[in-house]
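Following this line, the structures themselves.
Two complexes follow with chain A in common, the first pairing it with chain B and the second with chain C.
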Partner chain A sequence: MIQSYRPETLKEALQIRNQIDCTVFAGGTDLYIRKRQWQGAERRFDNDLLFIHQLSELRKIEVSDEEIILGACVTQSEIEGDAYLPEFLRMPYRLMGNPAIRNTATVGGNIVNAAQVADSLPVLFALDSQVVLQSIHGERKMPTMDFVIGKYKTGIQTNEILTHVMIPKKNWTDFYYRKIGSRKQNILSKLSVIVLLEKKNDDLTNLAISIGCVNEKPIRDHEIEQGFLESGAINQLIDQLYDKMEGQNDKRSSKAYREITSLKLIKDYLEKNS
Partner chain B sequence: MKIPFQLNGEPVVAETTYSMRLLDVVRNEFGLTGTKEGCSEGECGACLVFLDNKLVNSCMVPMSHVVGKKVETIEGFAKSERYQVIEQAFQNHGAVQCGFCIPGMIMAVENLLRTQTVFTEEIIKESMSGNICRCTGYQLIYDAIKTVIQEVVE
Partner chain C sequence: MNIHDKINRVDGISKINGSAKYIEDIHLDEVFHARTLRSGIAKGRVKSIDYPVDYEDIIVVDSHDIHKNEVLMITTDMPVFTPSEVTYVGEPLSLILGKDKHRVIEFMNQIKIVYEEDEGIFAMDACTKAEDIFSEYVYEKGNIHELEYDEIFEKVYETGYQEQLYMEKQGMIASYDDHILTIQGSMQCPYYIKNALIHATGLPDHRIRVIQTTTGGAFGGKEEYPSLLACQLAAAAMKVRQTVSLIFDRREDILTTTKRHPSRTTIKSYLKDDKILGMDILYEIDGGSYRGLTDVVLQRGLLTLTGCYKIDHVQVKGKAYRTNNIFSGAFRGFGAPQSMFALEQHMNQLAKKFKEDPISYRRKYFVQQGDLSATSGVFHEKILLNQMADALIRLSEYDDLLAKKEKNMGIGVSFVPHGGGFTGDGEAAHIKAQVKLKKDTLNRVHLLVSTVEMGQGAKTVLSKIVASTLEIPIEQIVYDDPDTFKVPDSGPTVASRTTMVVGGLLYKAALELKPLMNNPAEIVITKNYVHPEEIVWNQKSLKGNAYLAYSWSAVVAVVYVDPITWEIDCQKLYGIYDVGVPVDEKTLLGQVHGGVAQGLGYGMMEKMESEQGILQHNSFSSYAVPVMADMPKMEVDWIFNPYREGPYGAKAAGELTLVGVAPAIAAAVEDATGFDLCRLPIMPEDLVKEAEK
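This part shows the complex of A and B:
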């Protein structure tokens, strides 16, 4: 018989997490699929469950002049519906799942699940976001792109809970986001691309590019971007991004299709806008 | 354990566990079988209910999320005037065949009306993107939804 824990405070949750080997349960939209059993039966989880969805400490969105802080249990529809958040952040969340799933699925769940096709990761990588991880011993922060190690793999410790995501504010003036799946909505992406630009008086002063679904985790490379800011050479940028691609054939679409399409989208956008 | 919540306007207490699905509780403990189980994984929308006025897939909601909250199932919504408008439109357009998907479809239409102010083709389709119908081919359902929007909004 598994135990379920439903603490009222984050402090209590961290104590439970420290004492017991348990599965953190946020929205459950990934966990329920993985644990599918038979109709009508209570879901059988093999581990004790620690519910965190109810923790008010993890449910806030805070926007200041320096940064945006998203609580781990903020839902996708809360981001979609928050007019204080920039469109380049809201759009990827709005295009995920379907309306009912977005009312349940959380920011933290998409990150910690770390699917190859997780749609929040490219934008969170591109924005240089950091994850905040807490345990009873304290808190540590690290870039989301380092926290995600690969397909379904992150650097979370068994006594930690991801509590927040911090996004530094920058002066992005334009962005491009494209998600391609074989149905319009409600499909795990085959491909997603985000490009953010900062221009001052027509000069490109900053740029961030991330490509999802091609490698085990999204591609993001600061050095390649810096090189492009200095040279302005689009073809060289595209060649360098291509060298970063290590995708494998899978049942969703062929490697070549994803690699070529994602690079073509980036090239077209930069040719028109950089 | 006992979990208190509000079900279709009435305070109730379920004898269940935190990890039991809301779907199983409304169907088995309260006998409200209008909420259906199709795919069990968030894709088909047959199990849609409102939880604190937000549309959710009850096949993916553990009772832990329901503690002290308001649940509205198709049986509760069916008592409203708006339900009558939607039911009438579905009937007039012949949008119902086997009927299995229809309670969920109706909940999604109601969610569309509650959450949107503009009703383009794209918005309607996005709002219904979590509902699957294996019989009708959707066109009759869309026609019915357009009629509902005309009557309710315009």
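This part shows the complex of A and C:
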């Protein structure tokens, strides 16, 4: 028999996490589906379960002049509906799944699950967000783009819980987000693209680009962006991004379609806006 | 009640408030849950199945437990359980029964199967031997071989699988009490199932009872396939003498039940002075490993292959192949969505070649009353294709659409026929429908038919026909879900025959009952199908009237193709339909909207591919059907063209509304992009490939 734990406080949760090899369960929209076996039969987990959805410490959205802090158990719907958050953050969440999924799926869950098609990762990569990982021994922070190692792989330790995501505030003046799927709503992405710009008096002063679903984890490269800020050479930027692509054909789309389309979207936007 | 009254669906409220019980909603205390053990390979033999021991609560049901190990469909080539020979991935080997689902799962996880695997056939091109061909037909009209032509315009068109994706999955419950075998479940054809059970169990007619339960969609997917499940469950219930339930999971349903036949159509048009002199057509479909209804699907695809057009010289060949792919079967349209896509795209490409407007170009070839069909049968009815074209031009403001067409926009049209009822003399030779109307002593009128409500509106339409004819309130009509102990065989709920054929018989029965309504006694009126004399068909030569009557559709689709992502947005869809006289306009509108959704999916979204016999798109997340946001703005209308034999002049409607959608969309995408598009579904991935050429 497996045990399930539903602690009242984060402190208690961290203690349980430290003592027991368990699966951390937030919204459950991925975990629960994966354990499906036969309709009407229970979904049986192999590991003990630690429920964290109820922890009030992890359910807050805090906005200050310096940063935005999202609790790991903030739901996607809450992001979607929070008018204090910038549109470039809300839009990717709004286009994920369907209302029922977004009502329970969490910010932290989408990161820790680290699916290739996780739509929150490109925007979190582009925003230079950091994840906060806590254990009974303390906390550590690392860039989300380093935390996610690959498809379903992250750097989380067995005694840690991802508690927050910190997004530094920058002066983005414009952004472009596009999610491509095989229908208009309620569909996993074939690819997604986010571009953020900061312009001062028509001069491009900062830029962030991230591309989702093409590789096992989203593409984000500061050096390429910096090069473009200096040179303004769009074709060179596109070529450099292309060199980072190592996708495969799968049942959702083709390598060629993902690569060509994501680069064309970026090129088209930059030609019109940079 | 008057036939022109606007009414709500008679089954609407129970489905909205949840009181309608689908098979999965029926909870029984003591029931064996059955799960199917399936082959993991596509072709070969099962050398041994090693079932775990010490599971006294688990029962295995296999080919040894059935009187005759054959599923009667049209032929009997499919076994209920394969004893050894495996022909496709997912072929049933046995049913595993248990009262505790977890014990069944545990048991199944330990089963070891040893196979001797052979190389399978997964492509039509690999079907080289005679045994790889299920059926082959050829028919001719005029003389294609001695034409004096300038050039041949030849194209090859292909279509992929499509999944019915009914909201309610396959499911059945069987019991065997007091020597009566009862099967309840989600189905289209109670009597197909009953006949299959008589064949497989050896039980006499009066000991088999089939009851339809509320059915949440079918689209052909519950035409022949449930016969297999019923035979399996019969074996199980008769073995354990208790109730056994078999309800599929979604993924299992997608992976192992019938799909629309993949097809390839080669059309050669012989041209002289820009005129089509003749067409030489080869239509090929992949039937999977068992015959099922493949032969009939092939025929429906073939027999109207010149569509709405009068072509004097025609040769049509059809071939259905046996492969080790998934079992292909019935699906709304039944062979016609494939062949009509090919023909319509061909007509578009000819119009493009001659730089003519696609509607004007088609008009030159429209068939008329008195013309000969592709199978040389006389079109007896009035054909209003020109009027439909005029109506479509008005409705869509076609000239304005063309004038205001912006970059990356495309406009496409299609004109298609669809035959109502069974092919050829099928209604008379095979189905022999019978209906009964019973007036009880409370003056309620019971519709006694085996026709099922499966979401399409049969209960509403048939009740309305009878209530209108009797001039009584529709509330006085009783139409229960069919139970073969209570209703005669009015035929299967397929082939767009429900309103036209079954409704026609009920109409005649109601006319006969009407003068007797004041009689206080219980009265039963019986009507048997009588074939119209002028409908003559020779099944051997495939000559004559292939269908009782044709319905027609004319569709304009407007698409926008994103120049960067190649995503297709079908923005508007206009349709004009000739279904005789619609007996219930709301129901017809529902059929149109559903047909557009399913046709849109078929045309530009629902990609389903098989690799080594295994379907790759096997879930809601990988197999994308349209959602509301994908639907175009729809404007539709119908013209009245009463059909003498139909109730109130009605003809077929159900399948027609799907058939013309994908061809119109394909034509529109072709118009927007300039590419020659010969394969459905049209995916952005394919357009990128075209653009990179």
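Heads up, the rule we're going with is that the second predicted complex is superposed on the first by the 274 of 274 C-alpha atoms of A that agree within 3 Å, B and C clash if a C-alpha of one lies under 4 Å from a C-alpha of the other, contacts with A are read in each partner's own complex, and residues count from 1 in each chain.
By our rule, a residue touches a chain if its C-beta (ideal position, glycine included) is under 8 Å from a C-beta of that chain, and two chains touch if they have at least 3 such contacts.
The structure displayed is predicted, hence computed values, not measured ones.
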Which superposed partner A:Ser77 touches (first chain B, second chain C, both, neither): first
Partner chain(s) touched by A:Thr29 [first = chain B, second = chain C, both, neither]: first
Partner chain(s) touched by A:Pro143 [first = chain B, second = chain C, both, neither]: neither
Touching partner for A:Phe51 - first (chain B), second (chain C), both, neither: first
Touched partner set for A:Pro7, first chain B, second chain C, both or neither: neither
Chain B versus chain C as contact partner of A:Gly97, first or second or both or neither: first
Which superposed partner A:Leu265 touches (first chain B, second chain C, both, neither): second
First (chain B), second (chain C), both or neither touched by A:Pro86: neither
Set intersection of chain A contacts, chain C complex versus chain B complex: 39-40, 42, 184-186
Chain A - residues contacting chain C, complex: 37-42, 44, 178, 180-188, 251-254, 256-257, 260-261, 264-265, 268
Partner chain A, residues of chain C touching it in the complex: 24, 33, 35, 101-102, 104-105, 247, 249, 564-567, 605, 607, 609, 616-617, 621-622, 624-630, 683-685, 688-689, 692
Chain B-touching residues of chain A, taken from the complex the two chains share: 2, 4, 6, 25, 27-29, 32-33, 36, 39-40, 42-43, 45, 49, 51, 53-54, 77, 97-101, 103-104, 184-186
For the chain B and chain A complex, residues of the former touching the latter: 17-21, 24, 27-28, 37, 40-43, 45, 48, 51, 54-57, 59-62, 64-65, 67, 108, 111, 115, 125-127, 129-130
